[in-house]
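Please find the structures below.
Heads up, the next two complexes both have chain A, just with different partners, chain B and then chain C.
Moving on, here comes the complex of A and B:
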């Protein structure tokens, strides 16, 4: 198989991003406290979410607001399969269809979770890809609300806002770094693949692309389902590390957070997704510290609940006003370093 | 028979509220192509103004209502100046994300400077009294709501059809550059669209407040989500579409309340949105979307 010029460069760029991710992982393993390690882990989970979002939003340029719901579906599906029977008898005593009477190994559970999420995202995607820009966004918002209300309503399966506990903690920082690297290669590969190129062309000029024989809806659907699978992966990684999940982390606050990351970094590139995720993750940690009302140089700052939300919102507004394409714009990492 | 009449009236009054909300979104969208996510926060500003007026100024409900509507109108116009002017001619996605960011900022400002907890306002309870009409018991709030919506629609139609600025606004939704070439000030058209949108948000906030009785930072979220759905179903950018979508949504919602068994109550919204999604299979751009070929001048 021969690669085109841009695919070769894409492979090179993905290698550079992978090196950065591995470096972050290595530094964290050796120097970080337990608390910091959890922060870095959650940054990596969010990175996979943002990458999943980039596959659809970056290539088709339709705004998706339902991504956290798909992450939740993946997390819950895996959790229900993998949790030991004894645990599930306590956590889900009233579960229907014998959901609390079996348990599978983590790998099989993850595969089942991916299949389930894939089917759901295919079913939703068929509707979404038919709509034009604004309609698709609002419809995806409705999807988020629907999925969340199902999580809350079927407490016998999902436990709603209470913790679903007892999930075996099989993941470590090493596994998430490997996973993130694999996802980076997949996402960059999709961007430079013929499908990715055609989809980006259709985002620039839908009529023109269609006239050249691009099946816009089919390509959007492919990107949507791939995005759903990556989001499910993030959800599984989240559940397998924390051991407890609830419906709350898969709702609006998480949607804001990950969307701000992607927008800030620049949704058109994979590099932007990586940059945005880490910049916002670490920036937000400082804001969160300010939020709790710390003592700085002898001055007691007041508690500022909501400050992190204001910062996230401002990041989105200012990025849109000053540089709508995000920090990276159309440039991937290798283009920053190579001379033009 | 009475039961049926009652539910029909319920559907109409729900629909009237959604139509009012959806019109506020549609008027801005038709002029500048902006999906105003911050509309819900404008409504919340109305709610908080009522709190402030009731606590500090007067218990006279009329003054409270006028104050709330004035505050939402000013907020809406101010948002246009501060946040939406830089993205005025940007593509719809940029505008949408900006509005999304503005909405998050405002919501967290309420959280930070006011309170994360609901604050009650009792001076509007009198709006919600039971009334007997032709042997059917309904709430006076439903009558107020329906009458207001009808008045608003008639007023809006008269304004858009009979005045120069109304004509400019209708023209702006088709070809904005042409409107500017004829010497109409762009700023004025935009400010006016946001002013009308803010007035509608204010009226809506009064009714939502009368029904819920308290305001919290997420006050406007659910109503506006419904309004978005109404706009999408009716056809984004079409004012008759917004009204139609609002009433359709009200009808589906009441139908779900009546038909769904009691213990499925928590899934009402899921069913409502699901049914609405089926309408979009039939017409992906909404029922009354303006006929426009791909590649036409936007």
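Moving on, here comes the complex of A and C:
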């Protein structure tokens, strides 16, 4: 099988993004404090989430708001499988179906978590892909609320808002950097694949693409399930690093944080997803520092709690108003550096 | 090649075409003429499978009226739709690739694309540019090339001259004439009746969803009254 011109360029672009990610990882490993390392790790988790979001939203141009729920499904499924029996007896004494009576190794657990999330996203996706525009968005919002409610109120399995603890911390910064690089190649590969190109055509003109024989629903479903699997990967990486999870991180705040990242960077490109994630992650740390009311060149700034939420909202509103396609627009990284 | 019997086309509760029959022989160029709202585009949409219809649509004897859009493209029906519908954010090359989406022989697709770039050097020069940046005439050429990428048995052309400058219209008709002389079977929908009849073997006049007249270009061109009434051209 020979690669097309745009696939060759896509491979080159993915290599450039991978180099940037590896550079960030190396710098962090050698120069960052423990606290900063955790921040960079969570930025990488969010990067995988944003890439998962890009696969579906960027190619089909339907807005998805349920992504954090799928991350949660992956995280909980892996956590339930991998946590040692002794721990689960304490954490989940009333768990049904013998969920607290077994424990698997991290790799098997991750595979099971991917399969479970894949099945759930397939079941949900069958309905989502039949809708267009706002309908799909509202339905995805409903999915988020439903999944969150289950996490919150089935406390015998998920512990709700309390911490689900005792998950083996098997991941390091190195593992997440490798994972993120792999996901970058998958996402860019999908974008340039015949499926990705046809899906983007349907986003330009659904009827026109249908008349060419493009099966729009099937392509959307493929992108949706791939997106679900990538989101599950992010959830697993999150759980395997922190060792504890709870329902809250997989809800609205996280949905809007990652959505702001994708919108700011530009949802149509993989480069936009990477740029948006790191720009917002870094910017948010500065805002969080300002929130605490620090002393800057001799002036005591007031405490501004909630500033980070306001800034995120502003980023979304200003991007939508001034540059709806995001910073990158339709350009991938290799196109920025090539002649234009 | 294409035989349509008693075709009714519906847009929701509204019936736009009331039982028309027409046929296109292999290697023929057949014109479907008529004023705005006559049901020409509805007929094309029904043949492609993107509009609801009843009646039979047979390609080489096989009834496709219940087949999916994908299967119709696979069986050999390709369309250059009204308004061209170029995928404006995708590159020229990607647009051509979409046309070949249902083809199993991936390795020949690249060669076909290269051939089109030879035929239309302007498309080759702009292969990486978004389709939306092309001029109207270039987009029409791209739309026809894209349809032919599926290597169809019959090509449906819906108003290829719409909104183009007269000089460009002449080029588009030249191109259609050349395709016909190369043996392509064509169903040509046009408001520009005179130009269309010049390159057609047979014509149908459609009005208010019914066929009002049919015949060879000489027959149709001869009845000046009918032409004037239906197309506004003397």
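The criterion applied here is as follows: the second predicted complex is superposed on the first by the 340 of 340 C-alpha atoms of A that agree within 3 Å, B and C clash if a C-alpha of one lies under 4 Å from a C-alpha of the other, contacts with A are read in each partner's own complex, and residues count from 1 in each chain.
FYI, a residue touches a chain if its C-beta (ideal position, glycine included) is under 8 Å from a C-beta of that chain, and two chains touch if they have at least 3 such contacts.
Fair warning: this is a prediction, and the values are worked out from it, not measured in the lab.
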| item | value |
| --- | --- |
| Superposed partners chain B and chain C on chain A - clash or fit | fit |
| Partner chain in contact with A:209 - chain B first, chain C second, else both or neither | second |
| Touching partner for A:85 - first (chain B), second (chain C), both, neither | neither |
| Partner chain in contact with A:194 - chain B first, chain C second, else both or neither | second |
| If touched residues of chain A are counted for chain B and for chain C, the larger one | B |
| Touched partner set for A:135, first chain B, second chain C, both or neither | first |
| Which of chain B and chain C A:321 touches, first, second, both or neither | first |
| Which of chain B and chain C A:122 touches, first, second, both or neither | neither |
| Chain B versus chain C as contact partner of A:63, first or second or both or neither | first |
| After fitting on chain A: smallest Cα gap, chain B-chain C, Å | 7 |
| Shared chain A contacts, counted only where both chain B and chain C touch the same residue | 207, 210 |
| Complex contact set, residues of chain B against chain A | 29, 35, 83, 86-87, 90, 92-94, 96-98, 100-112, 116, 225, 228-229, 231-232, 236, 266-267, 269-270, 273-274, 276-277, 280-281, 284-286, 294-295 |
| Contacting residues of chain A [partner chain C, same complex] | 1-2, 4-6, 194, 197-198, 200-201, 203-205, 207-215, 268, 330 |
| Complex contacts: residues of chain C adjacent to chain A | 45, 48, 50, 68-70, 72-74, 79, 81, 85, 87-91, 93-95, 97-99, 101-102, 106-107, 110, 127-128, 130, 146-147, 150 |
| Chain B contact footprint on chain A (complex, rising order) | 61-63, 127, 130-135, 137-139, 141-143, 145-146, 149-150, 152-153, 206-207, 210, 256, 259-260, 263, 304-310, 312-317, 320-322, 324 |
